[in-house]
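Across the two complexes that follow, chain A remains constant while its partner is chain B and subsequently chain C.
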Partner chain A sequence: MKAALVLAAISLGCGGARSWIIAPRAEVPISMSDGLRAVDGHLLVPQEKHVVGEFSLDYKPWSMLFRLISFTGDKDISDEVNKQVKVAGGDAINNLQVFSGNCTWNVFTLVGVLPDCANVSIRGDIIKVSGNGRRVEQAQREVN
Partner chain B sequence: MRATIVLAGLLLSACATIINGPRQEVDFRTAPAGASVLADGKEICKTPCTAKLTRSDEHVIDLQISGYYPYHLTMRNHGSNWILGDIFTGLAFMFVDLATGSCWYLTPEQVDRTLEPLMAHAPDDGRVRVGVALQPEIPR
Partner chain C sequence: MRAPQIILLAAMVSTGCASVGINAAFVGTPTPVLLGPRDRVGVAAPAAITKLAEFEGEAFWRFSQGSTTNYATGIRTDWSRQEQTGQYALSAACYKATNGFDPALDVRLTKVKTSAYGNLFTMRNYVTIEGDVVRPGGGR
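Now for the complex of A and B:
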């Protein structure tokens, strides 16, 4: 009994979730920095990049057994990227950021062997390119 | 002791509805001021302004003013921790919070944006270029 309590005690907070964000079918460049390249490889200057919207996507990955088993696995954001960039009239996404935090369910999972979740928020700037930079390097995809 | 627990349960019943209410105030500010704020395709105010948006839905926001690039974002709704108070009432009042939408909160809670002007600029090659933005079609 004492061993079980000790195990439960040291397992507290070992829950959470694990997943991977991918965008293999994104039709626009995605960057986690504020850099964006034209076809000829030159970095676009700020005057050629205009923020016309915010990319946002929230999801809740689930895992169990101390995150060893991921139920969510890969999170493909390609469709959301294509849709949101199109609606905003943009050409690319810059400054993509990923945030993760606790979800309410965490309070019910005292030990990591139970299924657990996390709240993941993805945010980025939707960029419209003007001038020479209109020819954006399509191959630039930097989602990790 | 039992009476205290019952009283606490009653006080916390549907607490998300009592504390939050079904709508959330969102502040909109832009530079320059005077931009139209469109929520789900309908103009609701001009910046700077505060609007009340339903918590139960996500909202597509567009900021528009002549001579500047428009700005587009989606307000996401997330679960409010106030709904945990419904546990004390055996979850009975959770349905009230869910029905009123009070168990959600919208992010971002305020929108403060500097809009980028549509303007000509002269890069290093000396040629002047004029940027023109087409206003995207707003889904209705």
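Now for the complex of A and C:
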């Protein structure tokens, strides 16, 4: 009987964690898509973008009390973006992807009251822009 | 090893890997979907923009399981259900919000929220994305 009650209590609550990804101090453009603009505002074509590295960041957000209290809160990735792009010699981040996954601990946190975690992975292509971001067609026209 | 130490170790291990989850990506989307203040490569000052609409998108993975018993027959049936958004879900939302990937428009993100939770019977993962559809001054 007691076991059933405990099981019922656990099943009622959900443990977990949430976070908000921000980059207010990023010194390069970060795009979650394939689209980026050059200095003059035109969309860069694939020939102008060269992947020179991979942006990679993993972290574990923590929350408690049914995720109402978030210990992680805003996850500022600005410093990591600036650092990794600089090391790779890139100009921007393209195709940023965000993975959100469970912790095994989610199952054991007592009715969501205890601190609980999640797994977040962020990946993206660090790209270098060639030709100062000019259109390839325009450059070809100039050559001809 | 004493019981408290074993429990502590088990708790530490359990915060580790779990392969289930959802990957949020704008696959095949030509429209810039920007996080952060920089909107053009090599330019520090952001271009003037005109906000046209709001953008919302969500990627999720959900799993639940349980069992039902028919008391008349005594037959117990275990069930499980898994559902998730497709890899093009966010791209489709962007396509709709930008009038078919209008090359003159950008999406400026205001919220990228990750959420993962679960218990013995269910696991849920969400990446919620919100932003504005804008027309940048330098766009063509």
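Going forward, the second predicted complex is superposed on the first by the 117 of 144 C-alpha atoms of A that agree within 3 Å, B and C clash if a C-alpha of one lies under 4 Å from a C-alpha of the other, contacts with A are read in each partner's own complex, and residues count from 1 in each chain.
Convention: contacts are C-beta pairs under 8 Å (C-beta built on N, C-alpha and C of every residue); 3 or more make two chains touch, one makes a residue touch a chain.
Quick caveat: nothing in here was measured; it's all calculated off a predicted structure.
Asker: In the superposed arrangement, which partner chain does A:88 touch: chain B (first), chain C (second), both, or neither?
Answerer: In the superposition, A:88 contacts chain B only.
Asker: Could you look at A:17 and tell me whether it touches chain B, chain C, both or neither (first, second, both, neither)?
Answerer: A:17: touches chain C, not chain B.
Asker: For A:54, decide between first (touching chain B), second (touching chain C), both and neither.
Answerer: first
Asker: Looking at the overlay, what does A:126 touch: chain B (first), chain C (second), both, or neither?
Answerer: first
Asker: Is chain A touched at more residues by chain B or by chain C?
Answerer: Residues of chain A touched, chain B against chain C: more for C.
Asker: Is A:98 contacted by the first partner chain B, the second partner chain C, both or neither?
Answerer: A:98 sits against chain C, while chain B stays out of touch.
Asker: Check the residue A:28 against both partner chains and state whether it touches chain B (first), chain C (second), both, or neither.
Answerer: Only chain C; A:28 stays clear of chain B.
Asker: First (chain B), second (chain C), both or neither: which does A:37 touch?
Answerer: Only chain C; A:37 stays clear of chain B.
Asker: Hey, what residues of chain A end up touching chain B and chain C alike?
Answerer: 104, 107, 119, 132
Asker: Touching residues of chain A toward chain B in the complex: what are they?
Answerer: 45, 47-48, 50-54, 56, 58, 84, 86-89, 104, 107, 119, 126, 128, 130-132
Asker: Which bits of chain C are touching chain A when the two form their complex?
Answerer: Spelled out, the residues of chain C in touch with chain A are 11, 13-26, 28-44, 47, 90-91, 94, 103, 106-107, 109, 111-127, 129, 136-140.
Asker: Using the touch definition up top, name the residues of chain A that touch chain C in the complex.
Answerer: Going through chain A, the ones touching chain C are 7, 10-11, 13-44, 60-61, 67, 78, 81, 91-92, 95-108, 112, 116-120, 129, 132-133.
Asker: Can you tell me which positions in chain B touch chain A when the two form their complex?
Answerer: Residues 60, 69-74, 76, 78-79, 81, 83-84, 116, 121, 123, 129, 131, 133-136, 139 of chain B touch chain A in their complex.
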